[in-house]
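To keep things simple, chains are lettered A, B, C, D and E as they appear, and every chain counts its residues starting from 1.
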């Protein structure tokens, strides 16, 4: 389990090397927002500016649109051809601990009872190389969600930015295998490890935003019918789906057919509980009112998930706070619940 | 201005002239404000007016279905007038608290100019025509004009066009159209093929969060056409084709009612330059029908009326 | 008219104007101003003493100002109702404040100088527009004297001269000196088929009335010579052409194809200069009297009425029918029908035919409590309508109206509905509705979408 | 299709179409592939996802009984895009089918008890699966009452079942309509008062109910009056679903997923939020 | 694929009262116009929703022509006036996003203008032929098949 390290200026060489055998994804802002994309030498500068992606890591495993199968009406009736993700293995570099944790959280659901082959296949073929945060953002509150900006058990390898060098630490067997195959790295010392530890602690201490999750699900349950509270906090919400789509643990989806009866695709796409259409049935809609939809999102994450999977479906990445056009803040809402 | 606002808002609530005050409160994120909607006098203390009041609040009176005292900037007042024209807001039901506005600071522009991101910025201070930005302990100066939204650069109505109380003094417009419309001009000068691939690339990013339509004060439909499934005009899943068609139709639907408040672009989490579409339509509507949205609340809406002399040189 | 005035299902409102029309087919709400006539219809016996004794004389409109009437008068002897009206502009009671001869003389005590306009508001099932025409004002033709020559008269004036009830008691005398004319010139197409004067259309009736008058003239004054300047003879009706031929052959009318360029006075004669384009020479006729076959123009206030009725009119002001061939009586506003010359110049048989048609249309409309409509009408899905009312603005028929309903929980809600009887199915509302909550039955988005998808494949 | 991908439907053939009412149809369908049919089992109360390829998927319960497996049945009210497409189906057409999903009526709880079925409109569909199941195992249950109501005689679904149950002596059958017509000689009245009039004893009895929300609301009140505790009332919920397998998120209410933890619940389980979101 | 010669596929939305009748007339007058056009009859040019045009282009139609009554001749009084405003902005918007202007055309053709209808269609189809097949909305997801 020896840890290794690499000089930052050697990273390009390392990625080039890795790219030969599999696809390597790194954070990039070439598209106008930050997201993971295939590595090339032109987008290797992310270490300098990278905080976190706008679109979370889930999009790489649970894409916004994905084809599920193709149907085709032939002479003998309908034929169905399954479309599964390609078998190619992927290395994703720069995964923040919060996102890795989120992936694990939704992975539990996708593997529960009925296995979701699309997500699981992609997950199986991916190796996550985490990158701990030394400088967490203003909006981060991961420390309150049972995690820490610098640490992760949900990646395969974890990197820590040590200034000129990156320290690679093994977390899983997959990671260990990969690390042993990586060239151009040097062994790290115990000093490096303790320096990394200090950095992590420092990062953890920098987190300002906090929520209290103790007895939260009971509190949520008790206030499920507290209409006044929910109406109040949802008043400024615009009912868009930004918070759900940038959330690393929101996983709701819809299933559609291409409008063609003879030969078409069945696709699945992201959907959001913030949209009235989400639950609209022809005759009625149980969540027609905005406050019910807002309540749904928080109850799903903080009550349902905790009760059924033993973990809150929020990792404190803060994206919803940052991206919300009207600055609806989950930490304020939860704090509000706790103070009721 | 802030104190005057608190005072006026307090009066309105106290005298029972309105049921709610809709204004700006302090945001939970640095350099952001957040809509403050309240019917409690004690919460009015939290009202703010500063160079970060980006939100267009004019959508709220539609939802609240009550008498509302609302804080508007010049651009927001046009949205509100549009809504009055579209009969979504009753002029009698709103008390308009007008804020003369010199422009709203676009944090992304500051980030770009000083090469640091918002988390590293400690303070932004306005000093005359400049902003002093303190980041990582050191100060940088930036012209105020370089830090405000593109739409603000071309603002022709910095003082609200409709108000009951004006908080402050009128500001004379100093639009810099060239800068404000730079991106549009660039696009116009491209080849058609390049333009198509440009938009295609941009709309490949779209995740269909509908932030654009949900923040848009002109998008008040109970049901958006995108939610119609008989027939399924546009697929609800986010392929670039459907994304583009969705946005083009939306653009046409808001054309003549859009006052270039820029909220769609600001809301877009993946940075699609939506204003370049909407603002272009503002220009076209002005050029074709000599009509500006939300300037005159008694004007006949542009797409429900016509003139015998409307341009038709394009018709063969 | 007398007959219809006695029909109990017919109420005749004379001296009245329609001011407002609302509602829709079967349910028109009409506001009518019944103008004060200063004579009580119910009391008046029609004895005529009042207008016999009235001291004020005014040129008679009915006699085309060739005769006189009184300030209290019945427009013409057969008028229905046979009740006089006081002409406020000339009556001494109104101009000078004294006189009241008629009131004193009236045995029935029917004269009431204090009478006020009355507003009648009622609901009607259908409206027939029969507002007729105005005569073209021939004074715009300077070359024909522009109204300066007394003996240049219009066809209608000649009609009054010929009439036994007319100002001359049926003796045809020329207006200037009362002499019987020997040589009469008729000029056709005065205010018809003349683009320069803004009347490019044919007035339809002039050819035939000119021929008729030439015949009558000859019958009254066997010595007379009639000369008719014409552009083309349009005699496309049953037996019309034969009539024209008889006018020429039996009654000796001289038809000259060509326009008249100038009329001037020489002594007590009128010199008519014109061209005979068939022979190709200039002609000059020494006439005692000239009759202008003035054309038909829309009523001067027809555009105003069209606005009240929301029916369209053409560039001249004639009302436009729903379809020139298939629906010549209907208008775009269902329940409103056209008859007579308000729609286009028509002669008597055409007018009677269109009037019968309109009456039949109304009768068949009223014959049933329900009516069958084109299925192509719009409906609004009120559950998703956002009440922006853009559809109301674009609907050319006013078919979309707001109504208030009470929901099951007792709250009131405003919503828009389409009056199916008024909707014509153009679909402007459908494409204007941004949230696609209006459906045009028979031409739904879904149908067009499916068509499009089939075509695209 | 052969793999273990849960999202891939079986292709089924429509064998028969029955027009129940103006807007409700019942479809008899069967596996195209006999080997699939042999492997297939389900329990009364479970639902499935039915696809019209090119239009999409919709959720309905399996309305036939697991005791009668020569074909499967489902019933559909025409309301939206997919249901309209389903109503176009003809005999011989193919649909996609994946399931069965969800839980089922708690047979172990019902065994040996008296049963009261209360169904309204198309709400009889899930109940009839269980009713036939009970009839086919008649000895395991006590008295069985079925009360079924619809708005008008023309709105009564499954008339052939109603007739068979009425004629047979396995169950006590009551049918009622809100408004009768000239030909209607039966009972007229809303379900809750009729239920109270029948007045079944709550002793050793379980009530099973399904129907439109407004009917459920008042039926629950009537049952309470008759002495039924929330534990003695079983209902099956309707909620918009897409995946059917507890992933897509839309049928989540409070701490349950209707598709995974339901659709069959005792009133005791859901009374907290029934008032709120139903 | 390359072997068969490409022929433009064009959709025409023609108003029932004028342009559709005009097309009818040009047919009965034995005037020739290209078979490439598939006509969808609509009651009035005012019925045309921009969605029709975009959806047609998205589904691979090479060109869309909308034709109605001349201004003032609308059977429904004002449909074409409203349409004219809409079309004016649609045209500018489509041009702005880079859709070739030749692909979308608006025209006024009266019921009596059979020859004009034939000419309009001819010219339009030729224009579309010049700009080539509509690959604007080509879907890579389906191209592999």
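A few points about this structure:
Simple rule for what comes next: contacts are C-beta pairs under 8 Å (C-beta built on N, C-alpha and C of every residue); 3 or more make two chains touch, one makes a residue touch a chain.
The shown structure was predicted, so the numbers you read here are calculated from the model rather than taken from an experiment.
Listed here as common contacts of subunit B and subunit D: A.
Taking each chain's centre as the mean of its CA atoms, C is the chain most distant from subunit D.
A count of C-beta contacts for the chain pairs B-E and B-C puts B-E on top. Using CA-based centroids throughout, the chain positioned farthest away from subunit B is C. Rounded to a whole number, the gap between the C-alpha centres of subunit B and subunit C is 56 angstrom. Per-chain Cα centroids separate subunit A from subunit E by 47 Å. Per-chain Cα centroids separate subunit A from subunit B by 30 Å.
Rounded to a whole number, the gap between the C-alpha centres of subunit C and subunit D is 70 angstrom.
Contact with two or more other chains is made by residues 51, 55, 78, 82, 86, 141 of subunit E. Contacts with at least two other chains are made by residues 80 of subunit D.
Shared contact sites, meaning residues of subunit C that touch two or more other chains, fall at 394, 432, 445, 449, 453. Contacts from subunit B toward subunit A in the complex involve residues 27-30, 32-37, 55, 59-60, 63, 117-119, 201-202, 205, 207-211, 213-215, 227, 232, 235-239, 263, 266-267, 269-272. By the touch criterion stated above, subunit B contacts subunit E in their complex at residues 187-188, 190-199, 225, 233-234, 239, 241-242, 244-245, 248-249, 251-252, 255-256, 277, 280-281, 284-285, 288-289, 302-304, 306, 308, 310-312, 314-316.
Within the complex formed with subunit C, the subunit E residues making contact are 9, 11, 38, 40, 42-44, 46-49, 51-52, 55-56, 59-61, 75-79, 82-83, 86. Subunit C makes touch with subunit B in their complex at residues 384-390, 393-394, 432, 434-437, 445-446, 449-450.
For subunit A in complex with subunit B, the residues that touch the partner chain are 31-33, 49, 51, 54-55, 64-65, 135, 137-139, 235-236, 238-242, 244-246, 254, 256, 258-259, 267, 269-270, 272, 275-277, 290, 321-323, 325-329, 331-332.
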